[in-house]
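Input: structures, listed below.
Shared chain: chain A. Partners: chain B in the first complex, chain C in the second.
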Partner chain A sequence: MVRGIQRVSWMILLVARLTWAETQYSAEDVKCAYTLNFAKFIDWPPDVFGSPRDGFHICVPAQGAIADRMEALYSGQRVQNRAIELLKLSERDSWSRCQVAYLNGLAHGARERVLSALRGKPVLTIGESHEFNREGGVIQLRHAGVHIRFSVNLNAAEKARLRISSKLLKLAEEVR
Partner chain B sequence: MWQRCGALFYALSVVSAFAEMPSERPVTELSIEELRDVRVTAIATGTAKPERLNPGVITVLTIRDLERMGARTLGDALEGVPGLHVSRSSHRYTAKYLVRGISTTFNPQTLVMLNGAPLTSLIRGDRSTVLQILPISMVARVEIIRGPGSAVHGADAFAGVINIVTRSAREIGGTELAASLGSFDSRQAWYRHGGRYGELELALLVDYDETDGHRRIVEQDAQTQLDRALGTRASHAPGPVALSAKRLTALIDGEKGKWRLRGSFHAGWNLGTGPGIAEALDPDSKARGSRATFDLTHHEPDLGPGWELDSRFSFYHATQQFDRGLRLFPPGADLGGGSFPEGMIGSPDAWERQLRLTESLFYSGFENHRLRLGVGYSHGHLYRVRESKNFAPDFSPLPELRDVTDTSAAFLPESLRTNFHALLQDEWGFHEDWEATAGVRYDYYSDFKGTVNPRLALVWAATPRLNGKLLYGAGFRAPSFAELYTTNNPVTLGNRGLKPERIDMYELAWSYDSGRDWSGTMNLFHYKVRDLITFVRDPGVAGTTAQNFASQDGTGVELESRFAVSPAIRLQANYGYQNAVSKSGSVVAGAPNHHLYARVDWEPVGEWLLGTQVNWVGKRARVPEDSRPALRGFATLDFLFSTRLWQRALRLSGGIRNLLDADVREPGNPPSSEGQAAAIPGDLPQEGRSFRIEAAYSW
Partner chain C sequence: MRTSFGRATIRTRLTLVMMSVVLLVLGFTGTLLILVDASSERERLLREVKSLSEVIETGSTAALAFRDSRALDELLASIGTIRSLAAACIYDETGMIVGSYLRTESPISCPPEPGSAGLESVGRNLWFRRVILLERRKIGTLVMVSDLTETYAKVRADIGVILVVLGLAAVLAFVLSGFAQRIISSPILRLASTARTVTHNRDTSIRASPESGAEMIDLIDSFNAMLAKIGEHDRERERLLQEARDAIRVRDDFMSIASHELRTPITPLKSQVQLIQRLVEKRQLASYPPERLESLLGVTDRQLSRLSSLVDDLLDVTRITAGRLELQRRAVRLGAVVRDVAERFLPQMGQFGSQVALELEDVEEGLWDRLRLEQVVTNLLTNALKYGEGKPVTLRTSTGLGSAVLTVQDRGLGVDPKDQAKIFERFERAVSSGHFGGLGLGLYITRQIVQAHEGEIGIESEPGKGSRFTVRLPLRRGREEREDLPRAIP
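Then we have the complex of A and B:
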């Protein structure tokens, strides 16, 4: 009897762990991967890059938990044929040298200030706050149950002179 | 035994090792399609579904909305929500949030919550009549759900639910200091700070305000009629309503890891009595009161694969005090039993506390399902009642003020209520574009026993831009202590045999977002309310007793649209229509059938924002016993502005409200029986034109 129970519980554990092991990543890692993917489906105006040797700048608030994960995951990665340079910035730094600005981890007021400073500049802004798209951010990530999905503010992208591929738009949960 | 444990341990380690084998592809190699399907371990709370996919008709007002509306109070903000009109009761002009035309005198049918914990007073089922809910400077978001929500929120989520979410450390992100000046000698100052100290995120907010109130004139009051009948000359009417106030509020919010603690304290003093507690002007009496709340939550996002647990403990304490008593009727009044040279005085002081404990367990391990299992316990105690008065139960004068505390002559006995609840809910995404939500909650109350409330919702993402929802929800409203236990009041008596009020509502909602410049929603609803508690005249005597007497059926529609004319000009408008009919076939009184709100925001240059809003409220019907014509509607026009200077460190805002000085009135209490006049026949005059300016500095 006890043996039977043992066997069944092993099997349950085994099956459970296997199913979960197949597809489970941390939310932070998935967000890092999304960010990398977005950069592949967006065209920046050519005048953004000074020389062919310039890196691709992804900027992130220095104190945010995701900064460390980006550092680990982006090492050696390339985007748009350029090496990724991760810049860990504070609110007071200039964000306009970034191609991608990941703004989660900034306080509400600071985020608004950075967003407004970046208005019209060719920077892909990514955030997670409930209001990020409405505030003028280009891509908003959000938790949908156990999944992470994203929505796009096309007006903001156009103002920033970013061309988003139709494939990316099709996969967005919402395009406003 | 040890052998078995060892075997199990071994098996577990094998399984774990196997699971962690490098079969996982690096996350950076996944495509966007694959990322969309990845299940993540940390499930954030508070990142609820977007409004369009939420299984309910919901409006969210954000900081930005509140700023754009120039909202000084929650009432100002809520007036712009479709299907909701903020009226004022004759009890100190307390706000009544009329959702879809459903309300009795004290408006207990709308549940107001602070960060998810009810702010309902046990005495009348309303928010305390002597206190404000919360200053707007502390509010990050207001979530308004129209329609019943007792399957989730329990008692009083009847006509609608208003949840006020306060600003967190992250939302403040620094320090801000502000001061404002406005009409009616109104002054306000607030301080906000939010910062990170090691692993602790801490927010501290303090707000102080004082005002003389608008002092609009009430031409005739209850005493005017007594004067006419008995030849006395005691009334203060015509005279101004007394709405003076001084208020101090402090809020603290600390978050560390999975724990969050929030505490608030709100005190009001020098509070005027509006048109008088008995609708006889009382310019001299003042009330005071306080409320303290404490809320500890713990969120465990990963209790095991797919399991999450939310725990909450909350505490509420509130007081109402009238130190020198209320002059229910002014000096020289005579209610037929002799004259009151000092006025008819009473001081119904009360203290109450409530404790709540809830556990919510979520499971999302079944494909496409998210299950929620919840249990909770609450304990509400009106633990102290103190009363002095100078009148006998038949309204004849006593020689002096008599302390009737702890005697059967007090207005309400000290009383206790406990409640236990259990709920089960499943969100089932049964098709790529369809999601069903089914839930049921059982509540058991120590005073009126059990009630079961279900809900069903079907949400259809027809296209990425078009969504449809079909909703059914049931709700109940717990009888208040005043309705259950009032004794020794010759006018209204409680009834221990009361059942809860019940509502069933059906809704069909559509929302469309063009993705570019406009979006719109349309909601249709139909509801049936049963067992509404009203005070029914007792045969042969002058008094009334609380009974589950009334019912009403309502139907209506709400339309809302937002349109960006250009990047700098945005337009939004909403319209609500409701038609509610009582059992006898008469139109339900007090709430407008039509309500229209429209706003234009214009960002002409740089950091400037100019806005104008129009609020039109249609006529309000009278009860059948009232011979007056319907109360006419009104329209107000506001102009608002804001700008930021000094590299956005200084924010200046302000505006003119009710620019055209429209005569706005809200209905007072109706006459108590046919042939009688209402106590205040000219209804309750509201604020006229007013100005306000605010400067806020942040660093």
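Then we have the complex of A and C:
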């Protein structure tokens, strides 16, 4: 009897975990959520924000499909106790007023230019290209089957004066 | 109504009381200890689980946010070494299990639904739920399952220990109550057996032997005092019974004497009356010699007065016994009373052959009942003549210590010292009724009269040498009575 219950409960557990793995969310949605979650485990230098009423700026290339997803998902949300302001930018815009710069969707050349413009600025850069960390980007995402993993360029983060929580670092696939 | 407890022996009752007290007290303390122990154990568990859940919450936020089940499992496994923790599960905000730790040897699983935060008892388990927040948003739920089996085992062990202690205490109480019984009830049992002996043997001289203990000392003392009282009462009853028997014997004696005494004068009276009747019938009364008729009537008169004085004495005794001896007090001189009585006796003196001498000092007047005083003098003088063997008799009056004193002295029979007190009692005589007639009432009445006058009477006598009776009558009466007296004394 007791053993039966145990076995059944194990089965329930397995089913539950499978369900979570095969999430019904799209990869884009997961990336949106991750971007927001990263911001929750990272501290920006205090001088980044002007007044307490300033929004939390998340910047995304205007032409990418993810920009619309973000707009839909982030509306009304808060992070670091600030309202999220989503800025859809082009390569030529100044990205330095962003707290988070999601750079996937920019062409290779454009991404490099933006990254070099942001070097040393307190902006969390997120990208998906497998070179992103090496190019000086802070967080690099990677598809691994149904999961999405990430790696961190700690050097770039330190230059940008971002303090990344050890909890986040523990989850990283790789910390450079 | 008596319960069976009420009928039980002291021993049984003592044992029951002692055992129930011991068991009650110990049982109560034991239960209390167990309850306190169990609740503090539960409290401790809860504290442990709570602090643990805080650690898990802070450690799990990032892994939850990035849906890293492996990291969650590792985190839970790292704190799963805590013994009481049977399982810990983390659910995401949709209620799916995303991380878990199950202690393999325990048959415990994660609840399928996370449920609301807080504490819940499920069977032998304690479920503790905590909502995991990230930036004030719920991102998941932690459920920790504590296994209470060990706590229950501890409580069971406690109960076992207490039962053993209770058993030992019961045995101890039983043994102790045996001792207590010996101390408490054996003196009572001994006392009860003494009481039975007293009842059985009807012997109140038995006494209970002393016992220790304040109440027992009291009880034994009262018991012995009661026995003494009963003994006293028995003796008193015996004495009263003897007195009553004596009184009856005296009365019976008196009845035979009285009937004899009363009949004695009647026989000659009757023959004299018959003689006179015959003389009258034969019309010879006129021719009967006058001196013989005179002596005949004289005898008749003496017999009559003897009868009437006997009857008077009996009446007096009845009156005295009924407390109706009333005095008619007038101013009286004792000397005058004595002289009158003596003169009245003159005709009879010859009969006794005694010389009566009067030595009368002048004594102050007193407030006395004259007729009663005459009775006193008459009785004493009669006795002196009767028991004086014809020897001279002296009547004396004098004053002494505020009293008038009368002494009547003869030189006759005398009274044995052992009878001297007795002769003043009713029907008591110191001589045989054969030789001297009399009811034994004269001295009794005399003393009653003297005492009614607040005076006293005594006898000094030596057998064979005569007797002296002394009467003292106070000249002044007690103050309060003197106040309301008529001023008859000049």
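Note that in this section the second predicted complex is superposed on the first by the 154 of 176 C-alpha atoms of A that agree within 3 Å, B and C clash if a C-alpha of one lies under 4 Å from a C-alpha of the other, contacts with A are read in each partner's own complex, and residues count from 1 in each chain.
Everything below uses one rule, namely that a residue touches a chain if its C-beta (ideal position, glycine included) is under 8 Å from a C-beta of that chain, and two chains touch if they have at least 3 such contacts.
In this text, all values refer to a predicted model and were calculated from it rather than measured experimentally.
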For this session: Using the superposition on chain A described above, determine whether A:Glu131 touches chain B (first), chain C (second), both, or neither.
Result: first
For this session: For A:Ala62, decide between first (touching chain B), second (touching chain C), both and neither.
Result: neither
Problem set entry | First, second, both or neither for A:Arg78, with chain B first and chain C second | second
For this session: Please tell me which partner, chain B or chain C, touches more residues of chain A.
Result: B
For this session: Please indicate which partner A:Ser165 is in contact with in the superposed arrangement: first for chain B, second for chain C, both, or neither.
Result: second
Exercise. So, A:Asn37: does it touch chain B (first), chain C (second), both, or neither?
Worked result: both
For this session: Identify the overlap between the chain B-contacting and the chain C-contacting residues of chain A.
Result: 2, 6, 9-10, 13, 16-17, 20-21, 23, 34, 37, 41, 147, 168, 171
For this session: Write out the stretch or stretches of chain C touching chain A in their complex.
Result: 58-59, 61-63, 65-69, 71, 89, 92, 96-98, 100, 102, 107-110, 112, 134-135
Exercise. Within the complex, which stretch of chain A touches chain C?
Worked result: 2-3, 5-6, 8-10, 12-13, 16-17, 19-21, 23, 34, 37, 40-41, 78-81, 147, 150, 165, 167-168, 170-171
For this session: Provide the residue numbers of chain B that touch chain A in the complex, in ascending order.
Result: 4, 7-8, 11-12, 15-16, 18-20, 23-24, 26-28, 30-33, 35-44, 47, 49-50, 52, 62-64, 141, 169-174, 176, 194, 196, 305-306, 364, 370, 427, 464, 513, 515-516, 567, 648, 698
Problem set entry | Touching residues (chain side chain A, partner chain B) in the complex | 2, 6, 9-10, 13-14, 16-18, 20-30, 32-34, 36-37, 41, 63, 73-74, 77, 106-111, 113, 116, 128, 130-131, 134-135, 142-149, 151, 154-155, 159, 168, 171-176
